[in-house]
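My structure is below; once you've seen it, I'll send some questions.
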Amino acid sequence: MKLGFIGLGNMGAPMARNLLKAGHDLTVFDVVQSNVDALVKLGNGRVKSANTPAAILGSGVDAVITMLPAAQHVKSVYLGSDGILSANVKDVVLIDSSTIDPMSAREVSQAAASKDALMLDAPVSGGTGGAEAGTLTFMVGGEEGLFNRMKPLLQEMGKNIVYCGGAGNGQVAKVANNMLLGISMIGTAEAMALGVSLGMDAKVLAGIINTSSGRCWSSDTYNPYPGVLDNVPSSRGYSGGFGSDLMLKDLGLATEAAKLAKQPVPLGSLAQQIYQTFSLQGNGGLDFSAIIKLFTK
Amino acid sequence: MKLGFIGLGNMGAPMARNLLKAGHDLTVFDVVQSNVDALVKLGNGRVKSANTPAAILGSGVDAVITMLPAAQHVKSVYLGSDGILSANVKDVVLIDSSTIDPMSAREVSQAAASKDALMLDAPVSGGTGGAEAGTLTFMVGGEEGLFNRMKPLLQEMGKNIVYCGGAGNGQVAKVANNMLLGISMIGTAEAMALGVSLGMDAKVLAGIINTSSGRCWSSDTYNPYPGVLDNVPSSRGYSGGFGSDLMLKDLGLATEAAKLAKQPVPLGSLAQQIYQTFSLQGNGGLDFSAIIKLFTK
Amino acid sequence: MKLGFIGLGNMGAPMARNLLKAGHDLTVFDVVQSNVDALVKLGNGRVKSANTPAAILGSGVDAVITMLPAAQHVKSVYLGSDGILSANVKDVVLIDSSTIDPMSAREVSQAAASKDALMLDAPVSGGTGGAEAGTLTFMVGGEEGLFNRMKPLLQEMGKNIVYCGGAGNGQVAKVANNMLLGISMIGTAEAMALGVSLGMDAKVLAGIINTSSGRCWSSDTYNPYPGVLDNVPSSRGYSGGFGSDLMLKDLGLATEAAKLAKQPVPLGSLAQQIYQTFSLQGNGGLDFSAIIKLFTK
Amino acid sequence: MKLGFIGLGNMGAPMARNLLKAGHDLTVFDVVQSNVDALVKLGNGRVKSANTPAAILGSGVDAVITMLPAAQHVKSVYLGSDGILSANVKDVVLIDSSTIDPMSAREVSQAAASKDALMLDAPVSGGTGGAEAGTLTFMVGGEEGLFNRMKPLLQEMGKNIVYCGGAGNGQVAKVANNMLLGISMIGTAEAMALGVSLGMDAKVLAGIINTSSGRCWSSDTYNPYPGVLDNVPSSRGYSGGFGSDLMLKDLGLATEAAKLAKQPVPLGSLAQQIYQTFSLQGNGGLDFSAIIKLFTK
């Protein structure tokens, strides 16, 4: 396939490289010229650059993948004066893998439909490591037939490709899952810190929780207490992993979506505040399991 | 063995029946005479009653098990003027299966040690169903050799017997696990209600969470959204199960222990407030997964 | 002065009537035709209607006042294709009295400046009663000389006209004050409900608080406990006053502004969640002091 | 009058000195001998010491005042084996000025009544400064006639003597007021920090709040933002004043009382958690308005 790719940052660049490796020719756009140059060079003739998002369409692509930091960039890239939808997009498949709020995703999706484009929202989890290794999880919203048709393409960048329902539902699934993740992580941190301060051994406590009703991914796979698990950020000074400020961003999306849906999310909202406090104290760059530092001396 | 048993309520009565079934003779005490009468009758000569906790010791028992509602009852039964420790308890094994705060458990344990008794704190999970079926989980604190010696006895009432460390650690493990459980349940309820209100199918959303980082026991084994799982309280009107007011009690123990340990538990504390609000609105008798009603219309 | 007025709803209509009473001629716009018709009829030749916001400028006004429900309407009225700024606005004074987030206010203000218009943000407090009586408080952001020049005009609609600093600061002041108001009201409700449930007389408790360090407007002027004060919503079934859903809106603006400013507001955020829960239970139309119902049986 | 005084710490010592100054003879008890010695020396023959609380009664006093750190000390001093109520207390007036939970206060009061003593609970506000200057506020619970009879005595130590109703109500009033104070202080800190971070001048913002519906003691009399008010802790590095750990203690009493009363106090509970977090980070010795440090860089 001939593909367009917009957004060649920490996540987008390795995703684009995996598509290149799979044999596709690419036309790419990024506001940072060095990001573009690096991929063009790597492409050895198979990667072209475009001056605007709209110009990618002019090069005759079958599908365009976008991977951008926030809703404002997505709106600009799709709806702006030089944006994707200003070009002829009839029957072109547009896949937005940015993590944004569901309402914005649906707004862009409707605009795309009105131009006869075919659109999927497909946010990912798995971080830069998953992007490099091609093992990302894609949560996909949009028309089911289109999902089935595009699944092989997404499998070139990821391992677990999940259909979530109509337009925007990929974003809904991600936002709901990650809100619960943020809550569970803080809850696990509170429980571990409390138990240890009351005299329990951290590994023994984790072992009991992991075979009881408190069991969760944050406890059994990514425990925030140092020394409980090997090869997780808590055992290497909270470096690497999923940054606290990224969790803060996702909790911000969740609470924003909840506000628009008139839905209470008291723990999700307090979790957002706790990560905001942690960030203000200068810890936004640490892995999100470092939140346990707020509960230990 | 000759055993004493104090506290023949909803939990204690079936536990005592399982000990009887296993062949032990019992001497029992309860403030409700009909509870005592029922067991004496069932015992067919193998169950005697005592007029006070202390009197049980006079009957020459090897061990005494207590199963009481709250710390005040435990203190009264052990430390009161007719209490267990007012009798000769040298080398008698005392097992308290009540769920109380760790500090009170340690206070009673120290008092027992000063009288040369051998004490374990052994709170359970599994509810009245587990008590009937003999499948309770016991979380046990105290001296490890004593734990090993008593494990066979506990196995006559339970299936999963876990050693948690020194005196009081059984209570610590229970309180830490159940605090995390309460947080996870509310978090799952918020995430499910948010996702559905934003247009997702509840089963699809649960499926995604259960294979992602939001995965937890409250989501994959006890999902609060009606219709996601069969045979859980959410699919039968939130009857049966683990009552909201019992979760409220455990969250009260957790926040109390945290206060004494000078430990912040912001989500645990807000979870306690949410269950308190739910209880004030008349819902304390519903299963604790019914908390999702606060987030749905 | 010849004035434009856009937004003739519950707040805007009485404000416009006060300007008419003060002797100004008006050109008005509203999406609801009956709102326009009512004012034109009342004007008896001194009120004209315009078909678009931009058309008001064509009629040669000195200043335009806007009073709209939310940021999206403000942006549409100012920045839309038929919006105010699409006309020649050189040296025209634009006063937005809508309550919106400070960032949106500043965005509109900058757009106005780039067209050589003179802009103030001037949100009000005092409700529909204050709008009728001309006793509103205006919190005003923008250039100080312009503020001084426009103060007499604002005094025709309000009593207390406060200068808050540069563009957007009127909105900042309102959002900060109302967030604290929401927190204080819930705090007062919790304290009153707690004290009464512990056996105190409500009036005695309020009297003590009002002469102590817990003293606040929510306690001494607008007490939420029925019977403590006369002539407040709590003494007439929580009718009239400032609706819970309006407080919810303002708390939403505050938490949104805090998120953009990377500022933690844990109590403000929980207050927003509490009003959201109250609204979901069908109480959004009651006065905001009715929140005490969550804490009483 | 001949008076007993138990508890000569930071608060009790200056209160006792004021009674001495007013002409009363004292018999005193404290676990710290140097506290006792200092007062005996100052008394110049008019202050005697007793070896136990009970021994004070033997010296023939008309009334005993107690000023102790926490409920456990109050219970020990009144109910212990050498405690006040172990002596003949018929018609003796017992005044407990400790700040403790209302339930414990009522338990002690009932025990006193069963021995025909006359008891008042009379916690104070005003800090060590007020204790020195004799300007404390006393919140008094107990029989009204007894209150009226003892008011002159309390006026020798305080300025504002408030009757709160039956036994324990002095504690209820204090706990309710101080919970609202803690909430208002954090709320004011959030509002000030938010407003300033959004570009407002702190004094201007405080001025607007103080004439609007956000007005409260924490804002207009004790503003936490440095430089807004002179002569408050925020303008001298948060030294002096009412320590954060004392506010934490009072919030602990409030949430404990709420739990026993089955009363939700979500903001009070979160306020307690916020002060607990602040204390864990090493700030418990700062004035309680220093909580704004959690919201500023």
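We call the chains A, B, C and D, going by the order they appear; numbering starts again at 1 in every chain.
Simple rule for what comes next: a residue touches a chain if its C-beta (ideal position, glycine included) is under 8 Å from a C-beta of that chain, and two chains touch if they have at least 3 such contacts.
What you are looking at is a predicted structure, and each value in this text was computed from that prediction instead of being measured.
Think of chain A turning onto chain B: fitted on CA atoms, that turn is 180 degrees, to the nearest 5. Of all chains, the one whose CA centroid is most distant from that of chain D is A.
Counting the residue numbers that touch the partner chain, chain A and chain C have more than half of them in common. Between the Cα centres of chain A and chain B there is a gap of 40 Å.
Between chain A and chain D, the centres computed from C-alpha atoms are 52 Å apart. Chain A and chain C have Cα centroids lying 38 Å from one another.
Among the residues of chain A, those touching two or more other chains are numbered 258, 263-266, 270, 274, 277, 280, 294-295.
Of all residues in chain A, those touching chain C in their complex are 252, 255-256, 258-259, 262-266, 269-270, 272-274, 276-277, 279-280. The residues of chain A lying in touch with chain B in their complex are 102, 125, 137, 139, 160, 162-166, 168-169, 172-173, 175-181, 183-184, 186-188, 190-195, 197-201, 204-205, 208-209, 211-219, 221-222, 254, 257-258, 261, 263-268, 270-271, 274, 294-295.
Residue ranges of chain B in contact with chain C, taken from their complex: 270, 277, 280, 294-295, 297.
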